[in-house]
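In what comes next, chain A is part of two complexes: it sits with chain B in the first one and with chain C in the second one.
Our next item is the complex of A and B:
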């Protein structure tokens, strides 16, 4: 999911930065002081999630948690994911500074879409539906991030089908795991801190 | 109750599947010895980068050759150009590692002579002849073939360097591993930056 330096063409990098700056502007406008501690916690979770890898056949994929960040923060996930990616690039050289824009958009935008699609179904009354909504948010956000990564690479390399096959089909198992993790967290938060789902962003 | 049971089973499966490790950052380790350019590609957790594409370029961007890594993530190519090189490891899915190599000082390679006897034997032979001629002429100006001496020294150094290269690679892998203090430091930065943002927002709201 983390596109390295030197892979993408300048127009793709500039477009990525443009989209991310739009996302960050909306995010910072919507961000309330009360919501900042939540952003900090979720940004930290996102920062660590990439260090947890799941073995898939001969290879391994890592968690992203963009679905969980998206469903809890909405547009504010742009700030959380941008910060997480910036520090991952700084400390672990995951991704890179020129690709920070496109990587942020690829991971944050599917989370925002999930927020608008599934947030309405999450509530205290029905844990089963909340779990399924959380699962779908995690699952589809991961696949969405894979799709946008493939699209970014396609705009440089032009072999979209192969990239889609590698990035989306190969990430289905990790997307399932991601969906389960998000589902569990949603149900757990509904039990211990249901007010986190009440905030409008 | 049934729902809770399913959740319990799924959580067990998730915990069973998980192992803590490192993400897919790819690293490249390259050595240049004369015409031989060899190296190893590995992920941040030390796992080999198998069947990954290797491309060798000049610094001006001219592609010289390409190959793929083997099952241990290793590769070896022969480059005749003496100039500095850029080696790229393409692991797919947007993962890439690059390493620059200094220009080679000397192009002399181990394949230089095609005789049946080894170079070492040839030098030994040459030395014997020199000693004999020295005995005969009792001259002080004994000259050993410089090229042959270089080849032999190179062979010996190469043998000695094998273990050094292995240790060096292990050390490099260790340095590339994610350290606990970096994780803590990263979280600290996140809290610090967002704390600063909260302070600025609070001031703005007050004013």
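Our next item is the complex of A and C:
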């Protein structure tokens, strides 16, 4: 979920930019020249994936895959998500420039957390465990993003409470689908090209 | 995929130095977000509307771009007027209370949001992406980030074509998206395939870049030169924003 321009209060926007700048700094420090093309091209792939709409109940939602970004890129999720949102703000007018900081953090941070929590369980030996780790990474990252988005709205205006609750509840079905898709991606990658999970981030 | 819809055109905003436009944009956004009361956001809204006309953009396309954000704002219009529990109410019945404060807040959010979006289109959208990225280097954005951005942007079009190919293959085999596990599995495999393609592509890109002597950044060939027109525009635009804010 990207929050549009003009909604959040300046302190929330500034905090968001601050957190994202910290994330980007760590990310760029860890990014070696060798890894630049990989991070860049995978970021484009995730940008394309975010254009895919999947059916959820009577409606449809586009994939976010911040859990998958997290597992594959670790701290570089900040770069991938920042650039993706930058283009969306520039070309589609989704989200915006003032909210770029907070939106990046809301999505990238849960991804980085899933990297540390679930990456270690993904391996060739046990596909079932890998699927479950992928599911949890996708599910919790999406729910985490929903939670942070709701929190940013709540910190802007206490009267938004009902809106925030609605937002988190609306994220649950999306998170389930994200989890399933992420799980399947993990299993397929393990079968076809397991070396994508090897990294030194 | 054609993304830079507004970058081609003949107008004052298309020939200005991107650096001047970026500074103008940032200052405009900061003041617009910080604006208080009704009058200031409204005047900023008019200014950004003026910018859209100054850029001679197709109004229809601009409106289409503003649509998604305004759909998002509909939620606020539906929810906020009921959430503020304060007098005076616009409509007050035992069952339905619409707070004047809530309607006012929703209106304010809508004005600011559209003002910033139109300024984005008119000021940033009128430069092409590589010029904006180049300008970023002048603002001391890390060269590494800009380099990642160049490659990222270049490969979006390539991977979009890959994606269309994979999707066509799936559709040719009778894939119909439905609410069931099989659909999510197909999408998962589809994205995974795209990731593998891009992973392999990135190896090739790296080797190609090494072969051309890549040292971690791209040298820039075209340089910007500030013209009197740029200074003139920057000065008057910033003055206008400051004057509105302080009066």
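The working rule: the second predicted complex is superposed on the first by the 181 of 201 C-alpha atoms of A that agree within 3 Å, B and C clash if a C-alpha of one lies under 4 Å from a C-alpha of the other, contacts with A are read in each partner's own complex, and residues count from 1 in each chain.
The rule is simple: a residue touches a chain if its C-beta (ideal position, glycine included) is under 8 Å from a C-beta of that chain, and two chains touch if they have at least 3 such contacts.
These numbers were taken from a predicted model, which means no experiment stands behind them.
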So, after the overlay on chain A, do chain B and chain C clash or fit? They clash
On the A-aligned overlay, A:128 touches which partner chain: chain B = first, chain C = second, or both, or neither?
first
- Is A:149 touching the first partner chain B, the second partner chain C, both, or neither of them? first
Practice problem: Return first, second, both or neither, reflecting whether A:31 touches chain B, chain C, both chains, or no partner chain. | Solution: both
- Task: For A:6, decide between first (touching chain B), second (touching chain C), both and neither.
- Result: both
Going by the contact rule set out at the top, does A:140 touch chain B (first), chain C (second), both, or neither? neither
Request  = Look at A:181 in the shared chain and tell me whether it touches chain B only, chain C only, both, or neither; answer first, second, both or neither.
outcome  = both
With the two structures laid over each other on chain A, which partner does A:85 touch: chain B (first), chain C (second), both, or neither?
neither
*asked:* Is A:39 touching anything from chain B or chain C once the two structures are fitted on A? First, second, both or neither.
replied: both
Note to self: Applying the document's definition of touch, where does A:108 land relative to chain B and chain C: first, second, both, or neither?
What the structure shows: neither
Stretch of chain C hitting chain B after superposition, from 19-27, 73-81, 199-207 or 235-243, is 73-81
Chain A residues contacting chain B in one complex and chain C in the other 4-7, 31, 33, 36-37, 39-40, 43-44, 47-48, 51-52, 54-55, 79, 83, 87, 90-94, 163, 166, 177, 180-181, 184, 187
In their shared complex, chain A is touched by residues of chain B numbered 3, 7, 10-11, 14, 17-26, 44-45, 47, 50, 88, 92-98, 178, 182-183, 185-187, 189-191, 193-195, 197-198, 201-202, 205
Seen from chain A, its contact residues with chain B in the complex are 1-8, 31-33, 36-37, 39-40, 43-44, 47-48, 50-55, 58, 60-62, 79, 83-84, 87-88, 90-94, 99, 127-128, 131, 149, 152-153, 163, 166-167, 177, 180-181, 184, 187
The chain C residues in contact with chain A across the complex are 3-5, 25, 29, 32-34, 65-66, 68-69, 72-73, 75-76, 79-80, 83-85, 102, 105, 108-117, 120-121, 124-125, 129, 132, 142, 144-145, 147-156, 158-160, 163, 177-179, 181, 183-185, 187-199, 201-203, 205-206, 209, 214-216
The residues of chain A that touch chain C in their complex are 4-7, 10, 13, 24, 28, 31, 33-34, 36-45, 47-49, 51-52, 54-57, 63, 65, 68, 72, 79, 83, 86-87, 89-94, 96-98, 157, 159-163, 166, 177, 180-185, 187-189, 192-193, 196
